[in-house]
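Both complexes shown next keep subunit A, but they swap its partner, so subunit B is in the first and subunit C is in the second.
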Partner chain A sequence: MPRDSERPRHTGRLLRLGALLAGIAVALSFPSMAPSPYELTVGIAILNFAVLSTSWNFVGGFTGYISLGHGAFAGLGAYATGLLVTKGELPSFVALFVSAALVAVLAIPVGYAALRVRGASFVIVSIALVLIMLLVFQSWASFTGGSRGLVVPRPFPGKLRSEHHEIFYFLFLGLLALALLAWWIIDRSRFGMGLKAIREDEDKAQSLGTPTYTYKLVVFVVSAAFTALAGGLYGLWFGDLDPVFQFSILSGAYMVLMALLGGVRHLYGPLLGAVVVGYGLEYSKLEYGDTPLHLVFAGLLLGVVVMFMPDGVIPAVTGLVARVLGTGETSIREVTAAELRDERDEREADVRPDHRPDGKRPDGKREVRQ
Partner chain B sequence: MASDSGSPTVPSPRSDSGFLLELDDIRAGYGRAALVLRGLTVRVPAGGVVCLVGPNGAGKSTVLKVASGLLAPRSGRVLVDGEDVTGRGPQQLLAAGVAHVLQGHSVFREMTVAENVLLGGYTIKDKAVVAERADFVRDLFPLVAERWTSLAGLLSGGQQKQVEFARSLMVRPRVVLLDEPSMGLDPKTTGVVFEQIARMREAGTAVLLVEQNARRALETADIGCVLDLGRVHISGPARELLADPQLGELYLGGRPAQPPAAPKR
Partner chain C sequence: MPSASLVFQSIVLGVLLGGLYALLAAGLTLYFGVMRVVMIAHSAFLILAAYLAWYAHRETGVDPLLTLLVTVPLFFVAGVAMQRLLLTRLRPATLTMMSVLLTFSVALVIEGLLGYAFSGTQRRIRLGYSSASLEFFGARVAVVKLIAFGLAAAALLGLYLLMRHSRFGQALRATIQHREAAALVGIDTDRIAGYGFGLGLATAAVGGTALSLDTTIYPSLHWHWIGPLMAIIVVGGLGSVPGAAIAAMTLGLTQSLLQLELSTTWAQTVFYVALFATLAVRPQGFFGGRLAQRF
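Up next, the complex of A and B:
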């Protein structure tokens, strides 16, 4: 018989499984439900944001290092894929994976330098990376196309535009599933435990024997690789790359905003943030055109999150549900080891059929333990 | 036996053969500032509890930092089981069997009790050994077993302290350095914490304890050392120090309850 405290946990697990299955069903049926190709492109944009933000969360969520420079890895992934297709004449999807590997290799020296500093210094170093890449890709016009941009050939030239969108919708969905799976595996691993200890207190983690520097570097490279895959896939889908948009501080800032909004410590936090922010951005662009109003919305949203839900929407909502259902932890009273042992003995006695859970015997007298 | 010299010989009430941790004629300080420890000698016998008491600024916490490798001494030697480990870092000292529980609360607040405890055994590669050690500390600290899946930050101060103790015991240390474990705790919780220190000793772990709650600490310890101005001023069997009326006035905040049985000084 399950204990009383296990019932809400069991219910919670069932609810989570149900929500996951419902989410998968909605995601898979969205292309057939979308009223027009425009809605489908909004879906793709949101999925792209979700992959980027989840990829960012490998570093931000596990180690607490806030990188504003991940836009550089996305841009590099997109440009490397485009250049490998146009100049290297590689097949599109081979180019995509080769570019992710190249970005991962590049992330090693970048992380080696950037992860030596913490806090605000790390943020500034990460911003510098984006600005350097912007300058390089703008200036080196003979190779990258410069400000004129780079046209990436479509991987499926024979397909109609709507079919093209549908295929890419599912490709982004697959990549998102892969990123979430990787995050989930790390979250439950010994490696993940060490990373979370770094987030909590890096010095303490080190004093307990966690190889903090190596761990940070490894997860930084993994994060960069996933970000590059998202960027590369975007390049193949969108087909036109401009350094100003690819190497923008804004794209890194959006990844941070989405992850913070949903909750960086939660698997689905960045995904939820991407749905809200991505939809909001598309809506404001549609309604208000090319005005910078969408930036004002994003800024306001960031302010609201930081002020009222510093841990993100998911922890805020689950905390609220736990309070309503009364499943949260309430007691922190001090007990001696002897008292705890007595409590444990009582619980064991309770599960015996001749004992009532309230510690009273059937005749109403209180159980007296010797 | 007791001594007021800078380098007393602290006898072991449990073992006559050698000391587990020895700090020998240590001189240490921070940066270019004046020395904090000025020729201090402290010896911890295997399985014994040694308590350092003394006024603020006497250098008590600095002793523990030198012993755990967080601070390299300017001169003197640190020996673990006879081996010279002077100048080695915290991770090497941990490997040598010296675990340090820092002052204040040092649990990972956003991680579960289980994760906190398992992080203590992070250097152990063998999963079976980790599981066996986890079972050992869960048995030693029932609260840790009880709150295994709770977030450590949700526990009270005294409970967090027990999680820290459990974490420090994961690597099967031979000596645990405890820096003011009762800081900020109410009398009942302090009692719980000292109960756990006694259990650590019963499990065979030596303890070097720094406490402001001197009377309570000396009641738990085998040997007491009174520090002042970076030296061991007086040392001897803890019960004798506790019973010394002059010492009680000077360092323990009042007269002792029992009639005095003055230690030799």
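Up next, the complex of A and C:
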């Protein structure tokens, strides 16, 4: 048996490594292959979506808490970077990291309020956060520029537009790699195990001693910081911020849609979703312009994903492949309850012959184990 | 310091606004009660009803209030259909989270279709009595605001009587309190939950018609309503109808009074301040019972 099961795992690992290298090669050579700067900007937009939705997936994927308000962290990151550059006169990339740190600090009280209760209130707080930020940044025009927008100076003033795009393409790629690496590390750590226990059953996780509240708060802050980095980098690249777009509930919804579509339990799920949805968005913008119908399509797609494949495309496809190849593994050992009981009875009878196998003492009271 | 009559005027307007909030929050509470669902699309349906009233008025010239005869049954059926066809099909383990996304997607579809059908232009109903107002102890109150409040109050009263004094209301309350126990005493909880959802959506129809009387509407307006409504149900305690009503009145009044000193947008932040304060101090809300603890 072990020999049979080791071979596919080995080839599987090789395949995965090959796919990863091929993916990196494609991603790195894309700027030189792109026929025009337009394709490059599409690539940047998709990478931006990928970083955002991977950052979202720190909370959504590990803990199962769905935040519709991550757009607020991205917008805050962008605005904080822009304001630090224009008003604080910091160098662009120092401002970027300072703003991410500021957003992380802000995420602590938000998470404190949002995570005290389960589920429904968390979503409500996350939506409220976007709406508050929109109100504040629109009304506080003297500081934020209000609806007139905020112009962020370019970090590389001497460069041509196409060089500018190319630099930012690689910056976004680097940030994506960083986010994926962080997700991968957490996924394999004890911390990640605790987070996933929260997703499966928060009560049980808590009763087994997982510090659920602290874990949730920490991962929420990490997620907010990555989201802010992506938002800030976007601000530096795009150079013009408008509260309506920065604090749009829709941008948060796109992050959720991408992550769910790809598969929230998978490292590359959000990336895959971002490629599909991001390309679709850019394509429809090019072909049909900005009509309200893109809301309808986004809504329908989200509805279909939620209804029919809440685990995403990756599990659906790998499940299908496994069924075709016959390599499917089940995590549940196929043992009936009766067999388990017999096994346990045998074991207990061996260890403590004076006790009845069902755990009852002869006087009928249940035995209390110390 | 604003004059006493201005303060009084604000109080009257705040109460009138609070009435509408209370009706809509009662609808949200019903959904949460029967299904543990946070219905993001509630305010999208609200705007949809307002658009239907506006459209009927523009095309045929009928009084917007008459559209209630159509929209209320229509929304009731839509609510039952939504519960039976969409929400019951989600996995029970992740129902709360996934239902948020599903109702969110419904809200997006409604907003997109409204924008496509009627464009993003701001719309307003002009009625013969639009500009009429009443003197009321020194406060001037527009007649349409009074009608809107009357409509909301009548609907809330009707809902209260239905919940308290009918067999259906008893079954509905039993389903909200303990679904399994309700099923054990012979209540068809699936059917009742569907009707509860329909009732909730019917409040959006009433609220939307009331809203259309004196408000300028546009497709994305629903985001301005969902935030305050969500805040109200959390402050009141998820699942508690009286809690939602009290919170709606208090916050509506506060918002109206704050508008005396601050701009309209800043006054709206009172809802979010209340939301965060409630979650930090008393996460289950001020009137929520056992039900709110876990959500």
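We take it that the second predicted complex is superposed on the first by the 327 of 370 C-alpha atoms of A that agree within 3 Å, B and C clash if a C-alpha of one lies under 4 Å from a C-alpha of the other, contacts with A are read in each partner's own complex, and residues count from 1 in each chain.
Here is the rule we go by: a residue touches a chain if its C-beta (ideal position, glycine included) is under 8 Å from a C-beta of that chain, and two chains touch if they have at least 3 such contacts.
Everything numeric in this text was worked out from a predicted model, so none of it was measured.
Undergrad: Which partner does A:161 contact after superposing on A: first (subunit B), second (subunit C), both, neither?
TA: Neither partner.
Undergrad: Please indicate which partner A:148 is in contact with in the superposed arrangement: first for subunit B, second for subunit C, both, or neither.
TA: A:148 contacts neither subunit B nor subunit C.
Undergrad: Could you tell me if A:87 is touching subunit B, subunit C, both of them or neither one (first, second, both, neither)?
TA: In the superposition, A:87 touches no partner, neither subunit B nor subunit C.
Undergrad: A:207 in the overlay: touching subunit B, subunit C, both, or neither? Say first, second, both or neither.
TA: After superposition on chain A, A:207 lies in contact with subunit B alone.
Undergrad: Between subunit B and subunit C, which makes contact with more of the residues in subunit A?
TA: C
Undergrad: Show me the subunit A residues, by the header's touch rule, that subunit B contacts in one structure and subunit C contacts in the other.
TA: Common interface on subunit A, subunit B vs subunit C: nothing in common.
Undergrad: Considering the complex alone, what residue numbers of subunit A touch subunit C?
TA: Against subunit C, subunit A makes touches at 64-66, 68, 109, 112-114, 116-121, 123-125, 127-128, 131-132, 135-136, 138-139, 249-250, 253, 256, 260, 291-303, 306-307, 310.
Undergrad: Using the touch definition from the top, list the residues of subunit A that touch subunit B in their complex.
TA: 190, 193-194, 196-197, 199-201, 204-210, 265, 329, 332-337, 340-341, 343-344
Undergrad: Taking the complex as given, what residues does subunit C use to touch subunit A?
TA: Per the touch definition, subunit C meets subunit A at residues 32, 36, 38, 40, 86, 89-91, 94, 96-98, 100-102, 104-109, 111-116, 120, 219, 223-224, 226-227, 230-231, 233-234, 238, 263, 265-266, 268-269, 271-272, 275-276, 279-280, 283-284, 293-295.
Undergrad: Along subunit B, where are the residues that touch subunit A in the complex?
TA: Residues 70, 90-91, 94, 100, 102, 106, 108-111, 115, 118-120, 122-123, 141-143, 146, 150, 154-156, 158-159, 167, 186, 188-189, 191-192, 195-196, 199.
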